[in-house]
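A short write-up of the structure that comes next.
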């Protein structure tokens, strides 16, 4: 069922209060790829008035985790074990597009790659990349002992 | 002057709107070590009601960057080039203590290590670790081309 | 001059005794992309008879560093500040192809991505990915204080 | 039995042809901590005559993996899922000491930290740090699908 994973991702995304708190919007869900957009907001900035790198990381982390979730069986959840982010340019723009793409799915361990684009006028610029390792968990999805 | 770097860190921290937006408080500034605390807040959670990993990363990123800043000359700033976070346990607790410690200072490149502790009752638990690479920049501090 | 950077990479590669010691061969040099191949050798294995992850990392690290070098001015060198490798499958195959590609060049800091493919019969399989941060250095190229 | 894990580590280390090929020696095995030493050898160098970062990574990867193995049940093995290495100074010295220490053991996922020291005369210098994520596997230990 094509809509199955999309529904799961949407339901979970809406349950992430942190996404609402920063104003992030889920704008794309496909098998193995999820897009989240974050409008620029003065409330999310660092000391120079650019988007705080942590806010980028927050939305990118969700995009990567949900990208992995799209490929998982219905009764499972996803935990992010670790991620690395490379920050390439300041978080300057009208809004930011975070894309998570599964690079190598696995039964237990999945590798996801993310990129963050700053959108300004009609121009897009790559400002960060992420690699994230997720683990598939059953039952009490999302809880690591 | 012992107070010089502490004043710089406090001033910059107060200028980070993102820290206010998530309720983070600067609780310690020493040479090479900065502590930031984040009270638990339902607004910062993921779908299971625990602190979103990105919120941890946000406060930890600031703690690491400021730890590096304490060791830099007055006319310089700090850019985070990359960080990696290992997530060890759910973000469950009354509050979270983020500690950034310089592991290896350098004129251009500095390695900082961070740890995030969940504080619940009188107990503390390590829930995440970070390694961050920062670059020292002059003049237009904090702006990468 | 098209051959300029290729010549620099070849000369430097031949000066890397470690590449000879593991049997690595430079098989491709283009602007922003370098390929190194490593034939399987029992001398390079871990306890299960597969290629040791560190040997992959060694060849991949060189491929990424040289990919960055192809885009740098002639009087500069490249230092790798950090790299992360995700290991996706065992190092099983007749030979291994390591490809380093510059993702975001910069005057000082460059982000390079690498992938390691196991080649067996006519089949290729992705077995590892790398992200590496390099720094451009002048004069005593390659020496970090 | 105190010696159980030490024996397992020694047996596995001796089965790693790559360790012999680079001249690495297992010099310490304790619960949660393993030390490997690597004498300087011209055959392991990069283009400036220093130890190739990949050789450091190779010995450090083994030290970290074995540190995790010391804490695992007898019928299990360890896979390294990913590691990140920060390179702090050139690989200059008479020999190099790699120490892997478990930071957070887990039933499935373990976080290990490593450090590489250059030893020259009586002096030791930190030249690299690693964070590695390992996964515990049963049965066909060490083989990831």
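Here the chain labels run A, B, C and D in written order, and each chain numbers its own residues starting at 1.
Methods note: a contact is a pair of C-beta atoms (placed from the backbone, for glycine too) under 8 Å apart; a residue touches a chain by one contact, two chains touch by 3 or more.
From a predicted model like this one, the values you see are computed outputs, not experimental measurements.
A count of C-beta contacts for the chain pairs A-B and B-D puts A-B on top.
Seen from the Cα centre of chain C, the chain whose own Cα centre is farthest off is B.
Annotation: the C-D interface is duplicated by A-B among the options A-B, A-C or A-D, judged by over half of the residue-numbered contact pairs being identical. Chain centres here are Cα means. That of chain B falls 29 Å from that of chain D. Centre-to-centre, using mean CA coordinates, chain B is 33 Å away from chain C.
Per-chain CA centroids place chain A at a distance of 21 Å from chain B. Those residues of chain C in touch with two or more other chains are numbered 81-82, 84, 86, 88, 106, 133, 144-145.
Listed in rising order, the residues of chain D touching chain B in the complex are 84, 86, 88, 103-104, 106, 111, 113, 126, 129, 131, 133. Here chain C touches chain D in the complex through residues 12-13, 15-18, 20-22, 42-48, 52-55, 57-62, 79-90, 141-145, going by the rule given at the top. By the touch criterion given at the top, residues 81-82, 84, 106-109, 133, 135, 144-145 of chain D touch chain A in their complex.
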